[in-house]
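Just so it is clear, A, B, C and D label the chains in written order, and each chain counts residues from 1 on its own.
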Amino acid sequence: MVPRYSRPEMAAIWSPEARYRIWFEIEALAAEAMGQLGTIPAEDAAIIRQKGEPRAAGISAADLERIDAIERETRHDVIAFLTWMAEGIGDSARFMHQGLTSSDVLDTCLSVQMARAADLLLEDMDRLLAVLQRRAEEHKYTPTIGRSHGIHAEPTTFGLKLAGHYAEFTRNRARLVAAREEIATCAISGAVGTFAAVDPRVEAFVAEKLGLKVEPVSTQVIPRDRHAAFFCALAVVASGIERLATEVRHLQRSEVREAEEYFHPGQKGSSAMPHKRNPVLSENLTGIARLVRGYAVPALENVALWHERDISHSSVERVIGPDATIALDFALSRLTGMMDKLTIYPARMEANLESLGGVVHSQKVLLALTQAGLSREGAYRAVQRAAMATWSNLGSPDGKSFRDNLLADEEVAGQLDAAALDSAIDPQRDFRHVDTIFARVFGKG
Amino acid sequence: MVPRYSRPEMAAIWSPEARYRIWFEIEALAAEAMGQLGTIPAEDAAIIRQKGEPRAAGISAADLERIDAIERETRHDVIAFLTWMAEGIGDSARFMHQGLTSSDVLDTCLSVQMARAADLLLEDMDRLLAVLQRRAEEHKYTPTIGRSHGIHAEPTTFGLKLAGHYAEFTRNRARLVAAREEIATCAISGAVGTFAAVDPRVEAFVAEKLGLKVEPVSTQVIPRDRHAAFFCALAVVASGIERLATEVRHLQRSEVREAEEYFHPGQKGSSAMPHKRNPVLSENLTGIARLVRGYAVPALENVALWHERDISHSSVERVIGPDATIALDFALSRLTGMMDKLTIYPARMEANLESLGGVVHSQKVLLALTQAGLSREGAYRAVQRAAMATWSNLGSPDGKSFRDNLLADEEVAGQLDAAALDSAIDPQRDFRHVDTIFARVFGKG
Amino acid sequence: MVPRYSRPEMAAIWSPEARYRIWFEIEALAAEAMGQLGTIPAEDAAIIRQKGEPRAAGISAADLERIDAIERETRHDVIAFLTWMAEGIGDSARFMHQGLTSSDVLDTCLSVQMARAADLLLEDMDRLLAVLQRRAEEHKYTPTIGRSHGIHAEPTTFGLKLAGHYAEFTRNRARLVAAREEIATCAISGAVGTFAAVDPRVEAFVAEKLGLKVEPVSTQVIPRDRHAAFFCALAVVASGIERLATEVRHLQRSEVREAEEYFHPGQKGSSAMPHKRNPVLSENLTGIARLVRGYAVPALENVALWHERDISHSSVERVIGPDATIALDFALSRLTGMMDKLTIYPARMEANLESLGGVVHSQKVLLALTQAGLSREGAYRAVQRAAMATWSNLGSPDGKSFRDNLLADEEVAGQLDAAALDSAIDPQRDFRHVDTIFARVFGKG
Amino acid sequence: MVPRYSRPEMAAIWSPEARYRIWFEIEALAAEAMGQLGTIPAEDAAIIRQKGEPRAAGISAADLERIDAIERETRHDVIAFLTWMAEGIGDSARFMHQGLTSSDVLDTCLSVQMARAADLLLEDMDRLLAVLQRRAEEHKYTPTIGRSHGIHAEPTTFGLKLAGHYAEFTRNRARLVAAREEIATCAISGAVGTFAAVDPRVEAFVAEKLGLKVEPVSTQVIPRDRHAAFFCALAVVASGIERLATEVRHLQRSEVREAEEYFHPGQKGSSAMPHKRNPVLSENLTGIARLVRGYAVPALENVALWHERDISHSSVERVIGPDATIALDFALSRLTGMMDKLTIYPARMEANLESLGGVVHSQKVLLALTQAGLSREGAYRAVQRAAMATWSNLGSPDGKSFRDNLLADEEVAGQLDAAALDSAIDPQRDFRHVDTIFARVFGKG
């Protein structure tokens, strides 16, 4: 992922140094297990740990270059690493990797990396949820117009809007937890997964030490349906980010102006137009969501490997493993900051809410009329008539409010007098159940 | 979905008749709840049920045409349905849909349809799992070569191959269960989800009767992250189908011939070449997997609806709702039949296993040599030398087996005599842990 | 494709009857070519044409059922068709399909169908272009605000907006022409494309009669990169539809109201809210664009068939062949109707244009100040200062216009007096080059 | 893109230094045009060129850091660059960027970068085509079995296989040329594309100097359908790479062994199994093809920007611009090397061709029998009978060849004697038209 969209902690998970350290840890643990089982001499296992650990911990740029040089000859990354390790460990190194195949190391390492990445994403998510909850409670009763199809529908509150996004992100959190669970497995099962040359107890030992579960049946590789499900989960999370970003983009439109991304002192919105303050963060998040969704496509194609495995998944994962998690980490963090500092304009919300002459209360009148005895179709026609009259003359000097148009309509007036009408369209009716919904979402009354 | 890939039970879930029956059920239940709460007269609710239920149950082609005709005028599908219903129910019909918005009906109906579709898919999956388990146990110890990169690696058993697919499908089953859980929610919350005109107890009542959970916070619509997650789950399942289909396609290759799709009496493989017997079922499944994966892409784009909702998701779901579930149902069923009748050729497996002169035992020799004291690198070179000599002369008159090449190698012979070598490459070593793996997968020892 | 999104002329291309007629035509032409070459008796070729043509032309539902019944036995669609044909043609039928393989018929037929579909799409496109040009010229000088990031930027005209979409659709037209060219090829080359049993002159004859080009090298199948490119072109076209649909959705927003989809007498926007008039056509088009984009994904996966061919592409194409072209035909037609009848509100455009106190002229002031001698940075700061002061007090009683804020700014006033400022922000400057752009797009001055 | 899959020349196109140099060039050219037009003083334009060119050419790491620092304050990349430029150019810098908007610079720069990237890809393609042609001619008459469905079909030649891939890559070359044409446009049209503050002649001047075409109508941005079409073209090319890679993977399978990727001295195929030589290059290419296909998905979503533009496309393009072109450049280069050195085993091809007892000649017998007077159906049954008998007893001691089974069949023997049969299945018939096909593909006889 380009540096612009990378945060250091997530990027570090995918660094060569981190990868080699995990590789060493897997090899050292496997050797220790074999030492205990008597497959290899326990003292050699101890030497591997003793000499190898500082070597892995202190891996330098020169070491990376040395490993690359060996790989250029052997054309095999794990063998290059083992050779470099052997150069530091000495004779005992011949007991490393006994009965293992490269994928035992590579795939278990990838599991560790993806689990760590998921942990960071879960921390990101918790911060986002906290911000969303705070802003939702802050605006629990801030009235704003609800819009379907981009058209004013009925009043809602800004807090309810945020509660909906909060609820979506709690589902996304659960999806990340499930996705982490999916990929946190360990396979040390040998060349085709039969344990022909390695005892299953080695796998159990390594898995437990690394906090992973044992892969029930592997075939040199950990099956790629797990990884596909992981990247699909990221794609769903990214789409949730886009939904909230899209909301902010709409609210910041010049004609709406109900909310605005924080505009920094010194910030410039446009090189040409000094008046501009643009929702660039939320637009940026929209693009990143597209990227993360796109990464799910090759991940799904990776599932159907040939026979016990082919290596076509590898180039895909070398790229999308870091790219998808780094981009999503960046996006969650950016979204959290953006929502934390989002400027809300309740007065504009109020103004917009009232800008259509009251037609947004049409349903409540419809119900009152049917309750009063009109047929559904008749009531609908009457209310639509008054609403369209209001709408068509918005802003014109002889325009009337929806209420006045209704009272002037004989069919309506025959059923409802002014008092009954005012009672029907009382805006407090709209917010009666906000508390109920908040209790459902945030778990309190 | 085209009839060729449709099975009647799944297709029926998506028929107009089924949809209208569910719509009626939602409206009738909502009316009953409102009758109990006193929002509408209980007797009208009873009349709605009494007159409406047979009308919905007996919906005819002429009725469908009548509803379409109303929709052509109103350009609104739910209003068209309600109008048609009112024509049969009479005056009480004005109490239908009180305080509801169309999406309350449409989205809850879609939840019911998707849950039913998931139930069918789960039944499909159970049949597939049963077949895979039976075939796996049948071939638990049928030796076959394991292949990585399409190249012979080490022996495994055909039962182990199938156990791996069985395990993947148990994960896919769990994903379907989770996906069903995701979308089985009910929303009866009104125009922007505030319950402004409908009591939340109506939603609770309808949800319980339909076996759904209440959507904690809706915004006229049920949030589309649920649906996206559902279609992603189908995409992962489809990819698992492709993995098994790809295995069969490989096994049936002319050069491999280890398994073959059942060839029916009277079947013709090619219009031009009467000798052909092609793996057309598994190739067909590969294509269907591509389709189902493709449907996840628009489902993910559907998440970021505008504000409280726009209707862009609707055209997508009218198509991929049926198409993805019908295609997957067909594919699971076809795969089950294919695996049930798959002809297995153990003799060919044996012949292929032995066709490379024994080089497939190279790892076991490598380990024996390092145990005997050679460095890992030295042992590797020696074994690679013997393997390449064997491989290069396969089928040539002066070609030697891998065993003979090893014994002729001074470096090897210095560490291992013939007896030690034979012990190292004893094929029984390969299958020592088959039982352990089967216990992990099928839950018994 | 579901009937709701299908138009009869495009659907007819993909009907079984149409397909069988094309199959017959290919077989009959091939027989005629072979008759001329002496490969088969010319009189038998004549009988095939004579008896077969009415049989194909008059194919009935009963015939379709008969063909299906044969296919259920042979499990081969082309053989089923040939058998049914033979039942009507008699003994001469044994000279049909001589040296051909099924794919010769299937793939050439698909080329014919896709070319016909492309022709319909091109007609759709021409109608759309005509409507866009008419509306663009109608509103060539209708002022409206241009928006970047959803924020008011600078004035433009509604005609220019449409000219941009017109230009994009001319590119899309060219892409469709290229895509049609790509897939309009004919292959009659036998089982693996070697012409082992069929003379290349047969292919040339059939190709010419069908208006196709000869496929230079086929491998039983026409290579699938052609089809992938075709579906990618459809995906790009669909995305262009979405861009225009998105514009309309934005313009119809309640806060913007600059344009509106035609609202039919009798139409109902919402079952709950009688006041609603929603941009449902453009939202629908947005969803259909997602579908058509999604179909490109499996089309791309279809390219890498195994060896000379496998049949995995077939199930994909049976679905997306019709689905993508039918959906796109529907979408182009719907878009054309929508744009034809789109209600435009120039007064609202004017009002919105002026709603921000004139800050939309900020760039012109910036340029005048730098021309007058201020540094770019200094001028930027001064203009931004005045713009933000205007913006922040919009609608407040003591708010001042951008012009007044500028004149009150010492740094600005030191460079520009009122007359110079008014000259700088003269709105006529914005439209000086509209004619030039129209000439570029529509080819006249 | 990760360094592992990056080649320096393509990566350099996307470096910050390269980008800033192009930005400067655009600004300098625009200033020169304005100097000529008298919009700004010609001497200032000259100073901009004179002082700015070495500054841009010599941009250092410290400069990059300085630009980043300014961007951290202004949060605007183009303004940061202009400010840094002004620090070196001095007072004349205030005449840079006059009437331009950032996107004029950004989008025209992206066009230059994509055009350069396309040029490199075309050079890659030419090298690949040269190698494919050489290998195709080398093996023009090397017999090998053609396979449909992975099943032996009829003989073909290895040269014909390669000719098919060559033809596909010539189509891919044409697609790249068209895609380059698509994106090689220049827009210098100001804030919303109206040329309100910049003369269209400036655009024409810059375009001509950069070798670009003028964008007929832009809206601050160059329309993104162009870029979508570009990335779709890359996706189709990548799929063609996968098709050839898949062929090689199949040919190298242990059971097939007809071709093999070059195995370097010192190379190790597996850390566990010294005998392994795996088709890792072609598997790697398969994965890269998935990546490049995946990048088309967000590119298509980028088309429908809001109004005159939003900036959601930008994050997508910052990533996939480099990633897709760098990956494809790497893949084309790797494929070229792989095909150049691919080891071909004609003897294995011959052996495989003959391994099914001759059933691969079934069609020729079918045709001979129908010519001799049998009905198509009768002939088919007779030939299928003999073929299945041959196939079922392959390798068994009492198995007979297809020829012998045919001669032993009464129905066949009644029509064809041994001489007639041998004439029908003469393998030379299969290669009669190889020359014709080569002439079609390579343009000579």
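Observations, loosely collected:
Quick note on the criterion: contacts are C-beta pairs under 8 Å (C-beta built on N, C-alpha and C of every residue); 3 or more make two chains touch, one makes a residue touch a chain.
In this text, all values refer to a predicted model and were calculated from it rather than measured experimentally.
Note on interfaces A-B and A-D: more C-beta pairs are in contact across A-B. Rounded to whole angstrom, the centroid-to-centroid distance between chain A and chain D, based on C-alpha atoms, equals 32 Å. Rounded to whole angstrom, the centroid-to-centroid distance between chain A and chain B, based on C-alpha atoms, equals 24 Å. Within chain D, residues 82, 97, 99, 147-150, 153-154, 190-191, 197, 249-250, 268-270, 272-273, 278, 280, 283, 286, 293, 297, 301, 306, 310-311, 363 each touch two or more of the remaining chains. If you draw each protein chain as a dot and join the dots that touch, every dot ends up joined to every other dot. Of all residues in chain B, only 82-83, 86, 91, 93-99, 146-150, 153-156, 160-161, 163-164, 167-168, 171-172, 175, 178, 182, 190-197, 200, 214, 216-220, 223, 225-226, 228-229, 232-233, 235-236, 239-240, 242-243, 245-247, 250, 286, 289, 293, 296-297, 300-301, 303-311, 363-364, 367, 370, 374-377, 379, 429-434, 436-437, 440-441 touch chain A in the complex they form.
Touching chain B in their complex are the following residues of chain C: 1-2, 4-5, 73-76, 78-79, 82, 97, 99-102, 190-191, 197, 249, 264, 266-273, 278, 280, 283-284, 286-288, 290-291, 293-295, 297-298, 301-302, 306, 310-316, 318-320, 322-323, 327.
Listing the residues of chain D that touch chain B in their complex gives 145, 147-154, 249-250, 252-256, 268-270, 272-280, 283, 297, 301, 351-352, 355-356, 359-360, 362-363, 366, 380-381, 383-384, 387-388, 390-391, 395, 402.
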